[in-house]
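Look for chain A in each of the two complexes below; its partner is chain B in the first and chain C in the second.
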Partner chain A sequence: MPAARSLPHRHFDALIIGAGGAGLNAALRLAAANLRVAVVSKVFPTRSHTVAAQGGVNAALANALPDNWHWHMFDTVKGSDYLGDQDAIETMCREAIPTVYELEHAGVPFSRLDNGKIYQRAFGGQSQNFGGEQAARTCAAADRTGHAILHTLYQQNLRAKTHFFDEYFAVDLIRDDEGVAIGALVLDIESGEPLIIEAKTTLLATGGYGQVFRTNTNAFINTGDGMAMALRAGVPLQDMEFYQFHPTGVAGKGMLITEGARGEGGYLVNGEGERFMERYAPKARDLASRDMVSRSIVTEIREGRGCGPNKDYVLLKVDHLGADVVHHRLPGITDICRVFLGIDPAKEPIPVFPTAHYAMGGIPTDRHARVVAPARHGPEEVVPGLYAAGECACVSVHGANRLGGNSLLDILVFGRAAGTDILSYVAEHPNHRPMLDAHIEPAIARLARWERQGEGERVADVKAELRRLMEDHCGVFRDQPTMAEGVEKLKALRERVEGVRLRDHSQTFNTARIEALELDNLVDVGMATMMSALHRDESRGAHSRVDHPERDDERWMKHSLYLREDDRMDYKPVRTKPLTVESFPPKPRVY
Partner chain B sequence: MSITISVYRYQPDSDSGSNASPSATGAKPYMQTFEVEAAPGMMLREALLAIKEQDETFAFRHSCGEGVCGSDGVNANGTNCLACITPVADLKQPIQVRPLPGRPVIRDLVVDMTQFYEQYRAVEPYLIRKDPLPEQEIRQSPEDREKLDGLYECILCGCCSTACPSFWWNPDKFHGPAALLQSWRFLADSRDQATEERLDALEGPYKLFRCHSIMNCVEVCPKGLNPTKAIGQIKELMLEQSV
Partner chain C sequence: MERQIQRLRWQCRRGMLELDLLLNRFLDQRYAELDSAGSADFERLLGYQDQILQDWLLGQAVPADPALSRLVAAIQDCMLEGPRASSSNAGAER
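And then the complex of A and B:
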């Protein structure tokens, strides 16, 4: 491994790590303002996981049914089980409207209503008039909305001449002695050469970490890289116990079947042919919030009312909607069913099971996407020069449970917010801060660790064990003994990573090395998840404790913070005060 | 039951394990055969992952596993495909897996896609609007929106362009089917206002007109898109505009 001083350096105003919707929307804003912006992505940008988002993006455009941003805000606060920060939620719901118009102007091929306006469909947890009738708030490009948005953002970045580092892996952040983020050590995957990127600001936009669970809807690349980089830089992770299990993953396989399938009129049935959601959510039924639908499915199966020879899944029916609706509005899931199940969903029901899908938690930020951490003057002090947006961040707009259609919205609004704040930060701090060898060395040491030769366990084996462990000990339903055992096992596994060795030490496109670096990241975010979950002894949103089934606002209306040093837990209050409207106080959550 | 797969191997710095500098000159490509355990409904990507379990030096790109990210274009038994949505059961054994043809190989199944992306960028693949923007959405009728179906779904996997003989011979001059499909995607968009410039930019013997309607692109597109038809539509529009 080369010495710190021999590495090449590149200089940019802004470094963005990750080329999904959040990273690219930030980049677009910055490049359009003529900043020198570098986007580092471990895959070619259009391969980022935003591409897989299906159903759509929420905005109260009122194209299909009456709507306004305040109702959207209410639904989001309620959906978050009152753990979401209401200033951030107000920002997101207000900004949603201009954000979607901006995307449309940029070229996103939204589906259309007869009057030429953007098509909007119903999604779970949406209501008119603060809990009234079902709303239709999700703007869709068929069921390929993420693909349409990601490609459009990439295309507009080409136009704006953003500088891309395609297939570069970010190893670690670089911070100076005062804790200011001054760049990152990255690895050119093709050549195997490390490179230092010096930047006045760094935005982490690296997405989620679904690969920590054995069965998930996520891509292979979703390994929590940015979250783990933040942890190693001494920044805590917030609310990591809140991990969303999407109700309708393809049973046994994990591919996502969009909530839009139920939004278009699909519903779930159990082994007795019963529409069981009527019992759990009499009003919203199949369009209750995801945490509730997932728990209902698992309960049905646990009580012996599953489908199939092993009674281990339920069925999602869309066959009554007619081939025209199914093939026209849901072409992507039609493909998935044909390819992976050999069925036409317009004719046969789809076997589904709740599947690990989305991290509500992440790197704590304020509503300007600035990373905040506990320091001398309180729990939310800005880490200078460091930003986070998208699934890797926790603003927190999703609180304990995210509503469908709010994740594309989150990445776009807060990616853009990061761009806006970076512009003013760079204007105020026009010079690069000095980068010393000592600042770089920890990052190089992380890379060098995987150069060790000799015998040892294999990356693939330890990773497989981690994924099973997380699924077994931190799933839809949780309890103290299972998780305490999980933490012990995970600590032992973390020790074992020290003894893992690569067989392949080659330079050119060494994917084994990348997977080893990703394993480090997965172990760290897995621990953050399990520790946070073990300590929260209440049930809220996606975190469902069998041993503590009630929500406990007295003790737990607060955000968890996990610190890597000594696996320490800390807490900070929820921001219940919105910007301009009245606060929504906690209420029992029924759908 | 096991499956026999023969994969293309090329390791430019083949003395992996030592600290010697990579030598791109000494390494020679070869085919290597693996046996992997079959599973019901197994896709080719899973079989390649099983090979990587046996030999971590084996390199290929992949990510979403469901045919939307476009990372894992490969050539299986002579046909370009996306490994993650190609059932192993559909492939005659021993399965021969090679990199996408006509591109420089970086390592094993990983090819250099630089020229492919350059051609994509060359068609200015973004909406160009000259009128002032409305406060709300630009209206588009469902009929006009439908004209984008079969175009916008491209995932840039490169299966089409790397199956195209015209692209093999002139990857620096001929845009290739993937880029031209995107060119038509914007020409066909009722919101775009750069038709003339787009068509002008396609003039000349190579960029568009090297397409000889061989239709390999249509044959292999894993998303069922039809670049040849799009190219035909561009030519028609050119004709229309010139009279």
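And then the complex of A and C:
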């Protein structure tokens, strides 16, 4: 590994790590203002996970039904189980409207109503008039909204002369002695050559970390890279116990089988052929809430009533609905089953298991997307020059649970907010701060660690074990003994990572090295998740504890903060005061 | 050859889990058996956008090019067949 002083340096006003919707929306704002912008992406930008978002973007345009940003705000606060920060939520819901129009002008082909206005569909959790009638708030470009947004933003960035470092992997942030973010060490995956990017500001926009769970819906790239970089730079991660699971993923593979399957009359059976949801939720049965159905499936399996040779899944039956209903109303499921399982769901049941989908937690930021961390003057001191936006950040607009249609909105609004704040930061701080070798050394040491020769465990084996461990001990079934055991196992696994060795030490396209660096990241975010979940002994939003089934506002109306040093937990208050309107006080969350 | 497979493995990293699973499995299990025209087709296929690959690989559309159409069918078949040889990479756990 080369010494710090021999590495090449490049200089930019802004460094953006991650080329999904958040990163590209920030980059566009900056490049359009003629800043020098570098976007580092480990895969080609249009292969970012934003491309998989099918749902749409919420905005109270009131095109289909009456609507108001304040109603959208109410729904989001309620959906968050009152853990969302109400200043950030107000910002997001207000900004949603100009954000959608801005995208429309940039060329996103939104679906239209007959009168030419943007079409809006109804989604769960959307109400008119603060909890009244169903609202229709989601703007979509057919069923490929994420794809349309990502491609539009990418093209606009090319036009604005954003500098793309495609297939570069970000190793670590570089901070100076005063804690100011001054750039990052990145690795050209093709050549294996390290590069220092010096920047006046750095935005982390690396997305989620679903790959830490064995069964998940995320692309392979979602390994929590930015979150782990923040942790290693001494920044805590916030609310990591809140992870959204979907009850029905294809067992052993992870992709989603839509709730529509149960909506159309599909039901779940265990290894004994029993419709077990009747026992857990006599009224709602298979249409009970997501967390209830997820936990019931895992309980059946834990108690030995799973299906298959290893009794590790249950079956979703839609075959009684007839081929006509299945093939025409559930075409997506039919395709998935045919391609991945070789079955026709109109004839055979589908093996399912709860699948990890979306992280509500992440790098703590304020509503300007500035990273904030506890320091001398309080729990939310700005880390100068450092920003985060999108799934890797926790601003926090989703609180304990995210509403459908709010994730694309989050990345767009706060990606843009980051861009806006970076413009003024760079105006006030026009010069690069000096970067010394000592600032770079820790990042180089991380790379050098994987150069160690000799025998050792394989990355793939340890990663598989980590994913299994997280699923078993910090998945949808959570209680104190299960998670306490999980923490001990995870600490032991973290020790073992030290003994993992690469067989291949070549430079060019050494993807094994990248996977090793990703493993480091997964272990760190896994620990953040498990520790945060163990300590929160209440049930709120997506975090449901078998041993503490109630929400406890007196003790737990606060954000969790996990710090990597000594695996320490800290807490800070929820920002319950919006910017211009009255606060929404906590109420029981019933739908 | 090994370096070529590593390079392609990175091109098989996509924005969607469905594509990751299908493409990586094919790379692990079948790519080595392709002749030079076949491997050129595979590289060409990887050059398409995720949304187009999704339409093709999940059977919502068929490539007009017969070579790509055959390749798409082979990738789909590979998903459902048992492993032909021991695979040596991260794909093994899936």
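Some notes on this structure:
Simple rule for what comes next: the second predicted complex is superposed on the first by the 486 of 591 C-alpha atoms of A that agree within 3 Å, B and C clash if a C-alpha of one lies under 4 Å from a C-alpha of the other, contacts with A are read in each partner's own complex, and residues count from 1 in each chain.
Operating definition for what follows: a contact is a pair of C-beta atoms (placed from the backbone, for glycine too) under 8 Å apart; a residue touches a chain by one contact, two chains touch by 3 or more.
Bear in mind that the values here come from a model prediction, so they are computed numbers and not experimental data.
After superposition onto chain A, partners chain B and chain C are found to clash with each other. Of the two partner chains, neither chain B nor chain C is touched by A:H72.
By the document's definition of touching, of the two partners only chain B reaches A:G116; chain C does not. After overlaying the two complexes on the shared chain, residue contacts for A:Q453 are found with chain B alone; chain C is out of touch.
Shared-chain residue A:K463: touches chain C; no touch with chain B. By the document's definition of touching, neither partner reaches A:R416: not chain B, not chain C.
Residue contacts after overlaying the shared chain place A:G107 against chain B, while chain C stays out of touching range.
In the superposition on chain A, A:Q507 makes contact with chain B only, while chain C stays out of contact range. With both structures placed on the common chain, the touch criterion links A:L158 to chain B but leaves chain C unconnected.
More residues of chain A are touched by B (comparison of chain B with chain C). Clashing C-alpha atoms between chain B and chain C appear in just one of the listed stretches 114-122, 132-140, 150-158 or 186-194, and that stretch is 150-158. Overlap of the chain B and chain C contact sets on chain A: residues 43, 46-49, 51-52, 144, 147, 151, 190, 219-221, 253, 255, 335-336, 339-340, 459-460, 506, 508-512.
Remark: chain A residues 43-44, 46-49, 51-52, 61, 100-101, 104-107, 109-118, 141, 144, 147-148, 151-152, 155-156, 158-159, 190, 192, 219-221, 253, 255, 332, 335-336, 339-340, 453, 458-460, 502-512 touch chain B in the complex.
Those residues of chain B whose C-beta lies close enough to touch chain A in the complex are 11-14, 16-19, 22, 41, 52-53, 56-57, 59-71, 85, 106-108, 110, 113, 117, 121, 124-127, 129, 133, 135-142, 144-145, 148, 152-153, 155-156, 186, 189, 191-192. Only residues 42-43, 46-52, 144, 147, 150-151, 167, 189-190, 216-221, 252-255, 335-336, 338-342, 459-460, 463-464, 467, 506, 508-512, 514-515 of chain A touch chain C when the two sit together in their complex.
On the side of chain C, the complex with chain A involves touching residues 3, 6-7, 9-10, 13-22, 24, 49-51, 57-60, 76, 79-80, 89-90, 92-94.
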